[in-house]
Amino acid sequence: MFEQNVRVVSVRSVAENTIALSFSSPLIARASRPGQFVNVRIPDSIQGPLLRRPFSVSRVTRDRVEILFNIVGPGTALIGARKRGDALDVLGPLGRPFKLDDDFRTAIIVAGGLGIAPFPFLTSALRKKKIDIMTFVGSRSARQLVSANLEHKKIATDDGSRGFHGNVVELLGRALRRRMLKPKIFGCGPTPMLRALSAFALKEDIPCELSLEGEMACGVGLCQGCPVHRTGDGKRYSLMCTEGPTFLSTEVIL
Amino acid sequence: MMRTSFTLKGVTFKNRVLVASGTFGYGDEVSDLVDAKRLGGIVTKSLSLKPRDGNPPRRIVETDAGMLNSIGLANIGVEAFVRDKLPLLRKMKTAVVANIAASSVDEYCRVLERIEGEEGVHGYEINVSCPNVKEGGLSFGTNRSAVSEITRRLRVLTGKLLIIKLTPNVTHIGEFAKAVEGEGADAVSVINTFVGMAIDAQSRKPKLSTVTGGLSGPAIKPLALAKVYESANAVSIPVFGIGGIRSGEDAIEFLLAGATAVQVGTANFVHPAAAIDVAEGMEKFGRDHGVKDLGELVGALEVDRSTSVIDSWQ
Amino acid sequence: MMRTSFTLKGVTFKNRVLVASGTFGYGDEVSDLVDAKRLGGIVTKSLSLKPRDGNPPRRIVETDAGMLNSIGLANIGVEAFVRDKLPLLRKMKTAVVANIAASSVDEYCRVLERIEGEEGVHGYEINVSCPNVKEGGLSFGTNRSAVSEITRRLRVLTGKLLIIKLTPNVTHIGEFAKAVEGEGADAVSVINTFVGMAIDAQSRKPKLSTVTGGLSGPAIKPLALAKVYESANAVSIPVFGIGGIRSGEDAIEFLLAGATAVQVGTANFVHPAAAIDVAEGMEKFGRDHGVKDLGELVGALEVDRSTSVIDSWQ
Amino acid sequence: MFEQNVRVVSVRSVAENTIALSFSSPLIARASRPGQFVNVRIPDSIQGPLLRRPFSVSRVTRDRVEILFNIVGPGTALIGARKRGDALDVLGPLGRPFKLDDDFRTAIIVAGGLGIAPFPFLTSALRKKKIDIMTFVGSRSARQLVSANLEHKKIATDDGSRGFHGNVVELLGRALRRRMLKPKIFGCGPTPMLRALSAFALKEDIPCELSLEGEMACGVGLCQGCPVHRTGDGKRYSLMCTEGPTFLSTEVIL
């Protein structure tokens, strides 16, 4: 975990209201694993929102870390307005990465909307491990669709403007007719989609790991502000920031 | 060399900036980022007799220049604290203040007694912003006789530094400060969070699972300063000033208002080493202003009585 | 067509957004910019028996997402109001609420009596956040029996709409709301400003000439919402919700918390037509949500009792 | 008085930390008189400071209004970061202008630091009235000096890096040896300088009009937050925003 004052290397608009921003940080780049996130501070000088904004590490290329985000409010607007060469205070990498050491041979990646963010990085790690990948990407419409740096994609849009007309879990259900060799699902997206995906995984008896999102104040375990309901007896909550954001779908109640 | 340290009831604090309860865990979460020995002290997360799961989500809402929280005192309980955390804290070379929360006066006593024999805790801070089960869940902290009773009962159990952390959600906080001073408290911490609320208009629901929560951060700094000023004018025991502090200059303002030292809370969430920056900022301020001991600034606000007493029409 | 108006004690307000006392002068300062007939109503600057110069500078300090003020109730006095301002207000085609401030119970009565005979004032809002000279300058507003007495004495003098504007600087605002309801008040306004303070570290002086002042603006919105929620749950008379409102959605949040209508204060300073924007925003929200009468939203917060009662540990 | 959503036409850096920003508003341009000010809102979307920031109208050229300001805090930083074509919400013109109808033949303009701001506009109005102008500009050093669009300038710098070494009121004292025909002083700058200028004007028995600065919450008379001590009996304070910001030096106690 590092807190670094970094330079923005590039800022690109990649879809409607969606920005890919990369910054240079050898330390964070080297330490990051797929599924982890960084927590980005809005410069004090402009009196923007108080708290940092968390974003999945979307890609790592040598010293560069890329995040991919939607402009949804003041924090993302201000971060998205940074220009090449501007400074940014970034804390990371944070959280528990996806588990890649368990015994699986086919990765089924399922993303809803900007839930796509962690998957380019995951894809490149899986490729190195020579694991087969299938990717299902859901989006409201073609204009919001982001799907670069992924493998074997199938697309679903809510309005049918591209690919399958419907939601991504439905698409997955139709596509996964035949049984695969040791599959594992990786999912990220809005909660209702993750709920549907968990149910699907349970029904099909496929292990499933989810990357969750929710309000965080600190991202590093200081505030206890990010509980996720756990299954089972033991303690009632896990912390999303330190015990997640990745969880097995069977570990959590969404 | 300017003096930054101060001593209270035999405890020497390296500087006048502690991290506030509930905003720095048990000191070990961010040891990668924060060199604890540069902190004036660590106030632990509130400890209760048994571990507490805390409140259901949603626990956090960001507001304009502030945040609401309703953590529900999620904590590992005093046993696990003594067993797992205290050994790490002992190595940190900074003052350790154990913050205690409870839902009955007896529970306060039992938590303190459990810690009292252990080495490495330099003092106690008592969080009285807790529901009193005997009074149907009304907060101890808004009831002067309850706060007095807690102080009285704990005072006989320990000779160590005993700080009572007051809630700002009362009409005259000075009366509470006076009451605990009368019962032998060594200091007061001013303030805990302000009761606040956030609503999601779309769903017509409260944003926090518990409806109301505690407001902290820069938004409350002006309110906290007024509470510190009132408290410090009411008592002669030291006041720890808390509320929205982010910079050395903020901290100096609290000293001028009458705080002997400050605690940094919400700012840790934005920048885990915030308290160290605040301490350095204070030191720089002192140097720039020819101060020999930051203690000179405590209560040094220059008030022009001719205008200040005029009026408080609002 | 959705209904936006509401009626209280015979007064019809065109919409549920009034401009708050002290933040819109006497209604004539910004007539270039604001079409008064689109306001739910105008609450005047607090009027005292004699004109008041107000406090010396500095009266205003901007804080994080808020501002402190210490105006000291600078106002032209009730005579000049009736003579010079009321004729203009009468033409504005909106409800006019005269806000009254005083330093004795008698003075409250005399100001109200002076206005009572005049046409064009639809109701009174009583500012009790004023120092009671008889009690050595302690605020009426923090003393329940003083607030009750003011209400009782004024109630017999008028059959018009009588609103008591409560201060938030008390432990249980609900008790104050209940007390004035018991004395026959028609409504309460919740809240006036929170006591706050700002210090200039460089000069070691308070920034405001009166040391403390009143905090307003978005910073206090979460606190104001909690006070409105508490008040509305304590009484059955209507509550005017006030504190940090800038948008239609903010106002809807206050309605959900229990406010019958809202007042917009500090936002007028940023955008003089803010209250009209708020009213339009509420209307749009209502339309988007299939509401037939904005009154449906009053107190319509959906609270999940299973979690909300759990705890108020802070 | 208008509240207008305007477009930024140009933003230039004119000295260390000093920006000249012009926007297009036919209504505000036409209505403005020298000595008046505009109140500029920081866009809500970025959650900057709450209140507007007041700036003197510095120049008016056809439909364009120019303001000149130092970057001293978050508000001026955010306004100064606006680019050509960006939107800006401006309220103005506000306040009472300099009185130009009284009987004077020579205008002595005295500015300290960014107190220069209102004077290019005043200069152009005086020129139209064919009034003689002498201008005294004080600045901390040559790097902070702004003095474009003025007439018959004499410069003073605190560090002597340009012109007279000392303050601008001293310079004025030395320069005004011989009596002038019906002179009137117009002053703007930091309070200590205005105090010295008032004393000078009193001693020399020259009428003197000052443009004051101070905290304002609204700028339009709503908040009563901007009192200025008045001389004489009557009421104790004037409002800077509606009864000022220009005052005769004999009307106010600084």
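By letter and in written order, the chains are A, B, C and D; residue numbering begins at 1 in each of them.
Criterion: a residue touches a chain if its C-beta (ideal position, glycine included) is under 8 Å from a C-beta of that chain, and two chains touch if they have at least 3 such contacts.
Quantities reported herein were computed from a predicted structural model and do not represent experimental measurements.
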Topological distance between chain B and chain D, in contact steps: 2
Set of chains whose contacts include both chain D and chain A: none
Geometric centre distance via CA averages, chain B-chain A, whole Å: 36
Chain B and chain C, separation of their C-alpha mean positions in angstrom: 32
Centre-of-Cα separation between chain C and chain A, whole angstrom: 46
Of all residues in chain D, the ones touching two or more other chains: 47, 49
Residue list for chain C, restricted to those that touch at least two other chains: 55-56, 61, 64-66, 71, 218
Touch list for chain B against partner chain C, complex: 46, 55-56, 61, 63-66, 68, 71-73, 101, 127, 129-131, 137, 139, 142, 167, 169-172, 192-199, 201, 203-206, 209-215, 218-223, 225-226, 229, 244, 249, 252-253, 256-257, 285, 297, 300-304, 307-308, 310-314
Touch list for chain C against partner chain D, complex: 22-25, 29-30, 32-33, 45, 51, 53-62, 65-67, 69, 71, 74, 217-218, 246, 266, 268-273
Residues of chain A touching chain B in the complex: 1-3, 41, 44, 47, 49-52, 89, 91, 214-218, 220-229, 235-237, 242
